[in-house]
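Some structures to go through are shown next.
First chain A sits with chain B, and in the next complex the same chain sits with chain C.
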Partner chain A sequence: MKNKWRNIVGIIAFVVLTSVIIFTVQGRNKTVTLELGIFAGSNWDVPNPENYKMFDEIISKFEKAYPGIKVTYRSGTLKEDYSEWLAQKIINGKQPDVFVVLSSDFNTFSSIGVMKDLNKLIENDQDFDREKLYTNALKSGQFRGHQYALPLEVVPVLMFANRTLLRNEGIEVPKGDWTWEDFYDICQRVTKDTDGDGKIDQFGTYGFTWQHAVYTNGQNLFDANGTTAYFEPSEVLESINFIKKLNELNQNFKPTSDDFDLGKVAFRPFPFSTYRAYKPYPLRVKKYSSFEWEGIKMPKGPNGNNAAELYSFLIGMSSITNNEKEAWELIKYLTTDESIQLSIFGYSHGVSALKNVNESDEAGEILLRDNPDEETVINMDMLEEVIENSIVIPSFEKYEEAMSMADKELFQVINGDKNAETSLSIIQREIEKFLIQ
Partner chain B sequence: MNTKRNMSLTRTALFVINFTVIVFFSAIIYKTTDLICFSDQARDFLEKIKYVPITPWKVPLFTVSLLIILILGIFIREKYFLKKPFVLYLFCVADVIICIAIMYYLNLGYKGILFIAFTNIIIYVGGKKNKLFFLLGAIIIYMFFDYDIFSIKINMFSANDYIQYYTTSQRLYLFGFRNILTSLNEVVFILFMIFTIQNEIDENTKIKELYSRLFKNAEELKVVNIQLEDYAKKSEDMAKTRERNRLAREIHDTIGHALTGIATGLEACTELIDNDVSQTKIQLKKITELARKGLIDVRRSVSELRPDSLERFSLIPAINKLAEDINACTKTKVSVFIEGEPLKMGADEEETIYRVVQESITNSVRHGNANEIKIHLKFNDFMTYLTISDDGVGSTDLHKGFGLRHIKERVELLNGKVNFESEAGKGFITNVELPIRWG
Partner chain C sequence: MSNKKIIALLLVVAFAFSVAACGTSTKPVSTPDGGNASSSDSAQPSEPAKKARKFGATYMTMNNPFFGALNDGIKSVVEANGDSVVTLDPNLDQAKQISQIEDLIAQKVDAIFVNPVDWKGIKPALEAAQKAGIPIINVDAPVYDEDLVATIIASDNYSAGKLVFEDAVKRLPNGGNVVLLEHPTAKSAIDRTQAFKDAIKDKPEWVIVANQTSDGQLEKAMPVMENILQAHKDIDLVYGLNDPTAMGAFAALQAANRDEGVLIYGVDGAPDAKKAIKEGNMTATAAQSPKGIGVTAAETAYKILNGEQVEKLILVPVTLIDASNVDEFGLDGWQ
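What follows is the complex of A and B.
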């Protein structure tokens, strides 16, 4: 009996020991394969045929820099399918080690624990310097104070001015820090019936929403945790009233995106990526070819800056990855290596989240290459300023729903007779109630 | 015996049912995940469940392995630890933890697995207080680990919610099957409880039965005892009668015979004395002879009839007599010293002491050439100490000849101790310690 037990214990000890040895030896020699989740095309909904080329280039550079790590990705997933594709991977427990996150997924994924909290990795990594990135860019990858993702690139919102229209009206393209009053003044001057059919057919602005007004007035609508709403401050009321005033200029006629495309609208807010995609040849010929246009800062409200919201293209790590260290190296490499960021800047249409990259001569050259027009006001200094002044919309689970609640109510205020102040306090109450549910 | 078998049957049934439930729930989680992916609803699903579900293939793997560990745990404690209460407590705690783990993997959609932990506590935890304590803990866990309670604080998605992804008719079947299984589980657990109670009742009845039988036996014993006493008295009376008869016969045979002879002889002498004096003298001598013989007979009879205490030879005088005899016949001087009150000793005890003294004196005289022998007798409450020492040649090697061994055997027969001390030229000492029985 005693011998039998001794044998069993011996066998178990032997098996454990050999397997430990085998695994450590294997672990030392084995190359780690990381799966990267990306989709085809641009995050910014502009044509980008070179997306895979960009990633292939980056991956081969990374593999050269980290010989023990191999990176694979599945090609062919479209952006519109990416969310579902990733979700299927997640519920089967097969999500990629590192994956890019759509902004519409970031709230859900970080709240349900799909993504790894990067705070500890950042703290323990001596090479990672938060200061190198724009605070706003970092903020966009945060959920309830935890960094769940890092920005691959960011895109601020700019105002697109129809230079042809303004020239015809004898108005100079606003430059520098222009205000709502300047904005309203120009809109008032350009809004008219040009062909004399009694219908207004030239407009001041299209697509300048109440949110744009609130953000350019320096106000955020929610706190970072998504527990408090800010609909009652006077800045919000100011913004709503401003939008109402702008709308009234058009009387009962509403401009459409076609009107803008046909050159009949003076101003339209656009993400910077659109500027980068459509400004250079050949796309500039395809769209907006009937007029000259220019990107300028957003007009600022009495309490705000010349910047609206900031969009970010985020990349994060799976919470169940077996190769945390390697995955972190990859994320770090993609987001903070200056040469990589520069090549992303070259291929894609956003702006790097790294200060150094945007301040470099190379970045300036790339921007100039995109834009042969010498009159441009967009330069790297201006972009940096806009990024740093932008409003980062907080991430929380109920954001979309809360926003659509507010949107519904404010639509009636802007387009109807509802009292703005009362509506805002109703919205405030209802959304607060919804948030604590 | 029957309820015992039923209990183990219900326990097996509990395992079988829980295994089925686990497989059923795992299958639903697995299958529904497939269904969700197939119909491209994964993103909406994530939005709904608000947490990352456990990887589908891990659910059956982990839950079934945990169940197997649970079963193995029972076999191990049955085989090795049945008599170690502390280990059994640990096992019961482990049971509860394993059950919680299984519940966790099933997203808290099912808590019937805890019944297995309950049955183990009922069976393996001894002592009413401990059992109550353990059961209370398990019940609190049972109440607390409820999906409806947990999902308030923590985002959870129970297997039941997966069922929502099927068509209405499929859902009915699935819910139906789930309900059958869970109620079956409850019913079996209730059955187990019933059998446990039945088992306890059976044991109680058995104990009562045994107790009443014992009581009856004691009563019977009392009666028998009285009868026995009665019988003893009767038999004593019979012995008395028998003795009287013997006495009568004895008197008749001895004294009667002698007195008859004497009377007849004396009558003859009366006739003869006038005619022949010398013949009469002869006759009278014969009669005297006869009377003497009669007297001897009477003495013998009397000595046979004498009660025990009178007939027994007294130890101290006997030893004194022994000493006097030796003093008279040999040049060796024997002296006797008595200390303490001689006790009332048993015949065997007195005999032993007498024999030891006798044998020792014989040895001293025969082998030791002793000039002087001292006999010390000391009586204690429960002990008699006897020391016989001489000034003879002694002996270096005590060859226990027949005599010494004989002494030893006698003394040890009465739980006494004996030792012999001797050196060449320094005499021989025999020490005896003899415990005395009382009464």
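What follows is the complex of A and C.
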């Protein structure tokens, strides 16, 4: 009888042990498949035929580094359709585990809980060092103090200077920390009627908006949570008055983008990605080819820095992913692995959010490859300074609508007779009311 | 209300609903364009509403603005009918294009506009569409297996090559050394190049010194042309299969300071090329009308879906644009 029980116990023990071993081995060999949400082409609206190549290479390296994880993506979605495609996936509860986020969607996605709050994952991960990323780059993926996304790339705003026009006017291209005063002075000197037909046909600037003025005067228009607006500080009034003064130089003649393309405008703000795409061959033959140009810092207002807003290309995690650990490894790999970030820097047209990458010799060489002219090349020291001094636009649900309200009112101030101070008070009141609704 | 706001609103409602109703799992709801909706609580209308049609489109690469303009032409007709187009970009990867067509078939689209990456390699996707009963409207670059598509709408590409040669003869009556930049997997490009080759046959004064591929891409055309420039000192004419290629060749010539006196031809009539012609950087382009091709393709697709007979091949004429007439066509947009 004892033997019988002993045999039964032995058999049960054998079965249990074998099952444990089988499940453990199976568990170890189980491949997790992550879906990555991306779109075709460049985030920066410049030609980039190698976008898939970049992601395919990165995915291949990731899968080698993490043998238990496979990454798939649906190819083909255009950037203009991506938002709707992703929204439909979300509505159907089928969003990718990890996905890139358009800046215009970040507010909505973080506010309705579509994206995972990454704070805990960051805190619990010893390998993740916040210090390696620019503070401003990290800030761009935050919503109400929580990190919902990390930057794949960032792009600061620079000033495009038409060297040919300035040279013809006997003016040197402003370098270093130039000011609004310098900017106004040059605009005043170049704005003129060159063919004597009574119409102004050469202009100081095109596209320098009231927002650029506010940011270069060191002012953000909202707090990080989107609960308070700042339209009444003197820095904002100063900025609006400066824009009015600049516009008055043109009398009733408004420059257009065609004027700029034809070389009739001295300055125009533009994202750094435009410089990287169109400064080197072969794309330099497509745009601005009839004159020489270079990128310089933005002019600073009396209370600001030589920098305006910072654009970020963000990537985040689905809040309903079943593979949180693996999804985090992928996000971390894409955003903080230095070799991967260097590869993105080489293929795309932005700047890395990692300080080490931008300070590397390789990154410097890529910039020199883009523009071998040492006189006009943008160096990394300048870029780093601009990134750190840039204004990060706060992310909150009502941002776009609030800005549209302000824009509407300020259009009449800048182009009409409305009093700037009174209008700013009205904007402040109306937007504050709107924000607490 | 803008599309963006509608999407945001739908997302808020859908997400709140899914979280409240299902805890951690989500329940599909109806979507604006049909999507993959699986449930709907809405009341049945007294009369059945017209079912919105959904089309698919995949072009060899959206890195060429020509296809953006063609897609705009299609969308203008489709959206005016209250229908939608899902546009996909394989970026010159045939395998990706095949999987995109499979995806469109799985979405049960009504018809698919196809511009093949490889005119022969596209065959498995065409067969899959045929099996699923989804008509293929072949645009711009014809496929090899013509019997697998409902219709082909393309420019008269052979005439484009002829127009280029006729203009070249006027400018170089004694002939010259020619560089041909081609794209041998696209039938549209094959025809354009072949027309030029046929025209110079038996004309020994015309010599093709280099004949290389650049996939119709500006970014690839420049290094290809740079290599050609190193091997050949005497070049009189470059004929690119499309405008991006011609612009890439010009970039190489300008960078090497060898653009002076070289005739540069393209095909497309792209705004960038017209500006280059105006500035004297390009000689001429055989202009197509991508929007016109798109509009015709979409109109033909509706005829097919309505059971009407359509022509198997619809050719859209091309026109030569050079410095003498470029202003008539305008520099900002497509003709």
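We adopt the following convention: the second predicted complex is superposed on the first by the 409 of 437 C-alpha atoms of A that agree within 3 Å, B and C clash if a C-alpha of one lies under 4 Å from a C-alpha of the other, contacts with A are read in each partner's own complex, and residues count from 1 in each chain.
The rule we apply is simple: contacts are C-beta pairs under 8 Å (C-beta built on N, C-alpha and C of every residue); 3 or more make two chains touch, one makes a residue touch a chain.
None of the values given here were measured: they were computed from a predicted structure.
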item: Which superposed partner A:Pro49 touches (first chain B, second chain C, both, neither); value: second
item: Partner chain(s) touched by A:Leu78 [first = chain B, second = chain C, both, neither]; value: second
item: Which of chain B and chain C A:Ile171 touches, first, second, both or neither; value: neither
item: In the superposition, chain B vs chain C on chain A residues touched; value: C
item: Touched partner set for A:Leu249, first chain B, second chain C, both or neither; value: neither
item: Which superposed partner A:Ile112 touches (first chain B, second chain C, both, neither); value: both
item: First, second, both or neither for A:Gln88, with chain B first and chain C second; value: both
item: Overlap of the chain B and chain C footprints on chain A, listed as residue numbers; value: 83-84, 87-88, 90-94, 108-109, 112-114, 320
item: Residues of chain A defined as touching chain B within the complex; value: 83-84, 86-88, 90-94, 105, 108-109, 111-114, 319-320, 397
item: Sites on chain C touched by chain A in the complex; value: 3-4, 7-8, 10-12, 14-16, 18-19, 24-29, 31, 33, 35-37, 58, 61-63, 86-93, 96, 99-100, 103, 217-222, 247-248, 250-252, 254-255, 272, 276, 279, 281
item: Touching residues on chain A, where the partner in the complex is chain C; value: 40-41, 47-49, 51-52, 74-78, 81, 83-84, 87-88, 90-94, 104, 108-109, 112-114, 281-286, 289-290, 320
item: Touching residues (chain side chain B, partner chain A) in the complex; value: 33, 36-37, 40, 42-43, 45-47, 49-58, 155
